[in-house]
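Structures follow.
Look for chain A in each of the two complexes below; its partner is chain B in the first and chain C in the second.
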Partner chain A sequence: MHRYIFKRLLMLIPVLLGVVFIIFFIMDLAPGDPVYMVAGDQATEEELDALREQLGLSGNIFTRYFRYVNNMLHGDFGTSFVTKRDVFKTYMERLPNTIRLASLAMIIAIVVSIPLGIIAAVHQNSLKDTASMVLSLLGLSMPNFWLGLLLILVFSLRLGWLPSGGYTGFRSIILPALTVASGLAALLTRTTRSSMLDVIRQDYLRTARSKGVTERKVINKHALCNALIPIITVFGIQFSNVLGGSALAETVFSWPGVGRLVVDAINQRDIPTVTGALVMTTMLVSIVNLVVDIVYAYVDPRIKAQYTK
Partner chain B sequence: MTIKNDDYIFDIEGLNVRYETEDGTVYAVNGLDLKLGYKKTLGLVGETGAGKTTTALAMLRLVPSPPGVVDCKKLEICGQDIRALSAQKLEEVRGKDISMIFQDPMTALNPVFRVVDQIAESLEIHEHLSRSDAQEKAKELLEMVGISRSRANEFAHQFSGGMKQRVVIAIALACNPKLIIADEPTTALDVTIQAQVLDLMKDLKEKHDTSMIMITHDLGIVAEVCDEVAVMYTGRVVEQGTLEDIFERTMHPYTEGLFNSLPNIADRQAMLKPIRGLMPDPTEQPKGCPFASRCDYASPECESEHPVLRYVSDTHKVACSAYDRQPDFLLERRKTR
Partner chain C sequence: MTAEKIETTQPESTELASKKYHKRSAFVAIWNRLKKNKGAILGLFILIIVTLLAIFAPVIYSYETDVIEQNVTNRLKPPSAEHWCGTDDLGRDILARIVFGARYSLAIGVVSVIISLIFGVTFGAAAGYVGGAFEDVIMRITDIFSSIPSILMAIAIVSALGKSTFNLMVAVGVSSTPTFVRVARAAVLSVRGEEYVESARAIGMRDWKIILVHILPNCVSQIIVQATLRVAQAIIASAGLSFLGLGVPAPAPEWGSMLSAGRAYIRNSSYLTIFPGLAIMITVLSLNLIGDGLRDAIDPKLKR
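On to the complex of A and B.
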């Protein structure tokens, strides 16, 4: 198991190098020279060249790539073209906000979706099942920005209960978290339901019932533990998605998170910020994936057996 | 719970089970009557699809619903009316008074729980043992079925088929039930393990005075462990009696067909005589005798009149109308003896 984790951590290195290169390549393809954005219209050719040198934009893509990777390994992600601030620092200021939002949204999603999915599966084809499936379809198909605006309209403008945006303590996180959670809960409910349906007719549940295990425990322990793997998979994907920043919800609620940082940086062609933020996000996503894979092993002993092979 | 009937460990009358699927209704068990004395072993014999397993599941109220629909005139086990039990009472009966050994050990064990915990669970429920006591007892049970206690903390996928089957047996035996329903407990095992498992079950039965239903299509096993035999066909008992009644004084043509299908080591030149034809479609309920279309002795009346299970001696019952029409009717098998 430790060997497996070590191996996975080692594999992070080529993944990160690859991601950095792809980001570099794409930013290079984007039209327009960022030097003009920084220097303005009045700059002379000499000034532009000097600035290019200073910003680390001289040389071909490979030269710049290796320079960047070298700096990155020394903990230097560059300075923003726009704010002139250290990219790593800016990112780290934004990250806690995104983690707060992501965690609360995931908690809400789990608390709602797992019981709902179980109920839907146990009462398959009943009214309860249909109701929860309609609800989750609604959650899936409702765009985040629209739901966000709707919530602001009702809870901030009409009722005045909660702030409409910014970050001013716990009250301000509720609406964005609900908005992000709606889509997550919808997919998790569907996953829970279908995974439980796969398990619910298995022979070992009959064995459990024949032992005199209560129906409640048959479902919540014997069945759920076997249905967890797909649920954890979807959970992992969703969690890494929201860690990368929920750009739409963060924009609607002017939430100072990573998602908005990246969107703003792209709009301003702030290459160091975009690259730095994406690299950091890649790292986070990889770590979440690794954690998910480790959790698999604890949930299903058959997977653990494969890891230790 | 008051004991209503001292003579029988279970007494079933008029059991009907049907599965209502989208493609039609499957009549799995049709008006089955069955009872068994204490400490006896009943062999429940018949082809695949004869309703043996469904009967067993109905006794524990484990028929999945939907699609299963069960109705029954009388279902008394260990003196309790199983039909009337509340969900909570039913959970107390399952695993403690009645337990079941399931057919397919590959799927009967939960893949994500340790083997020892799966055995200990029923001890925790019914004997209210602490977790550690239950685990200790579970390890003893494992040793009793011939699995070293050092493997108790492993998972089902680390066990061979035979070991899994023995774990399933250990689960069923954990709380010394009064009635064990063993659904083809040895089908998945090779012959050496099969013999071990059968011996084990025989020993335990004698030690704990357990009654047992042995569901099988292996007449050899029946001859070895059973006191009584019930032959099932299309969800009905067609012949029932003591081991001798069935083996020596066979009366139903279907039972004879089962014996004829057995390979005979003494006469290897003889062709196996399988029962011709197939079991009738279980979605239709035949008007006459369900076996008529496959029966060598069938007469036109058999197609129209439904045979009733009738006593032909104190212990022996048969459902064949040939005996009503000609009192001296005798199967080929009996003539040559």
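On to the complex of A and C.
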């Protein structure tokens, strides 16, 4: 098992180097010299050269890439063109807000979708099944930023129950979390249902039933444990979408997270912040995917057996 | 001479006819299964209506006077018999803008998926067919692309290339390419070892021709299902980018930018936000229904 974790950690290095290069390449496509943005129109050619050197903007894309990776390995993700603050520090200040939002959204999604998926599978083709499938299809088809606006309209403006934006304690996280959770809950409901349908008629469940195990225990223990593997996989894959999707939800709710940091930085053409925030978010997603794979290996004894030999 | 000619051509024509028959019967079987699926038929019906509205938008409304022209005396009028969905902050008819907006959303959804299909299927099919180090390199690059959250990558691309409808299509297309690389590779791997591929190789057919003539037509169903579902996601992604101000530039009536503009008036004129969102949801729902129906019809084993 340790070998597996070590191998996966090693594989993460080229992926992250590639990610940095792609983000670097995309940001390099932006027209205009960013140094003018920092120096202003009045700067002389010598001043511009000196500033270019100071900001790490001199040389071709490869030189700048290697310099960036070298600095990154020392924890230096550059300085914002706009706020002149350390990108790493700014990101770390915003990260807890996004983690809070993403975690609550994931909890809501699990709490709603797994029971709904189980009910749909156990009562296949019934009214309950149809209702949960229609709900999940609507959840998948609804843009989450629109749902966010509707939630603000109903719960903040009409009923006045919850704040419409900003971060002012637990009440302010409910609507953004519901917004981020909607798509994930819809997808997890469908995955849980189809995964449960796969295992629900297996022989070992018939055996359990014939031994007199209660139906509740058969579903919750025998069936769900085996159905969990695809659910965990989807959950891991979707973490990336939750972080990405939260950029829109954070904008709708003026939530001070990393998604909004990226959107604001892009609008201000603050390249170091965009690059740094994208690189760090991707690192986070990759690490979470690695953890999911390890959990996956623990949950499924067959996978665990491959690595404990 | 004539008899000889007939003798040699007959088996070929029989084979051709049987091939055509097989293709037709497979299509008929899929269609027969699809039309039993009420959801898919509903989806198809909605999509046809949305597409017809998009095509005939200039017949129903005038782009210059109803969609673009500002009419301050008519601003923020609630839904009425004259303006079914009300008017926006610049006095423009919301329904007219939604109908014209269908042109943008459908075009962006379809073109961006075509972009990702071209790159995704080319690299995915080549990786699956060639295998070895080439496959490893392609799949590692795909891994790298998929580790960046797709909406953030699309945001970065469109901000680097500049705001325009085409750049939006490229951004959404590039960010969904990894999915097609994976689907195409998996599909090619599933048929690569088949006898008909080996026979084609044995008679000296070129690799690209084998992929194009023998392998891809046998994987096309899986790719179509994925493409339909991706068009739905591309419409949501492009509306999201426009919502952030990174999509189709004003005054074009894109659904996402209409939502963004309506946000400021949500308290007293919520119809500015409700109707464009409904348009996105209904269109995406129709594509999801068709995608799900197609998947079940093409591979009934997957049907639940």
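Structure notes:
Operating definition for what follows: the second predicted complex is superposed on the first by the 302 of 309 C-alpha atoms of A that agree within 3 Å, B and C clash if a C-alpha of one lies under 4 Å from a C-alpha of the other, contacts with A are read in each partner's own complex, and residues count from 1 in each chain.
Please note the rule applied: a contact is a pair of C-beta atoms (placed from the backbone, for glycine too) under 8 Å apart; a residue touches a chain by one contact, two chains touch by 3 or more.
Everything numeric here is computed off the predicted structure, so don't read it as measured data.
Bringing the complexes onto one copy of chain A puts chain B beside chain C with no clash.
In the superposition on chain A, A:P14 makes contact with chain C only, while chain B stays out of contact range. By the touch criterion defined above, A:T189 lies against neither chain B nor chain C after alignment on the C-alpha atoms of chain A.
For chain A, the partner that touches more of its residues is C, with chain B and chain C as the two candidates.
Within the superposed three-chain model, A:S113 lies out of touch with both chain B and chain C [touch as defined at top]. Taking Cα centres throughout, chain A sits at the apex of an angle toward chain B and chain C that amounts to 80 degrees, reported as a multiple of 10. In the superposition on chain A, contact is made by A:E215 with chain B only, not with chain C. Look at A:Q202: by the touch rule set out above, it reaches chain B but stays clear of chain C. In the superposed model, A:N226 makes contact with chain B only, not with chain C.
In the superposition on chain A, contact of A:M27 is made with chain C only, not with chain B.
For the pair chain B and chain C, the least inter-chain C-alpha distance in the overlaid model is 13 Å.
Looking at chain A, you'll find no residue that touches chain B in one structure and chain C in the other. Chain C makes touch with chain A in their complex at residues 140-141, 143-153, 155-157, 159-162, 232, 236, 239-240, 243-246, 256, 259, 263, 266-267, 270, 273-274, 277, 280-281, 284-285, 288-289, 292, 304.
Interface residues of chain A, counted against chain B in their complex, comprise 201-204, 206-215, 222, 225-226, 299-302, 305.
The touching residues of chain A, counted against chain C in their complex, run 14-15, 18-19, 22-23, 26-31, 124, 137-138, 140-143, 145-146, 149-150, 152-153, 157, 193-194, 197, 240-241, 243-245, 247-248, 251-252, 259, 262-263, 266-267, 269, 274, 278, 281-282, 285-286, 289. Interface residues of chain B, counted against chain A in their complex, comprise 57, 60, 62, 64, 87-88, 91-96, 99-100, 102, 104, 107-113, 118, 121-122, 125-126, 155, 157-158, 168, 171-172, 174.
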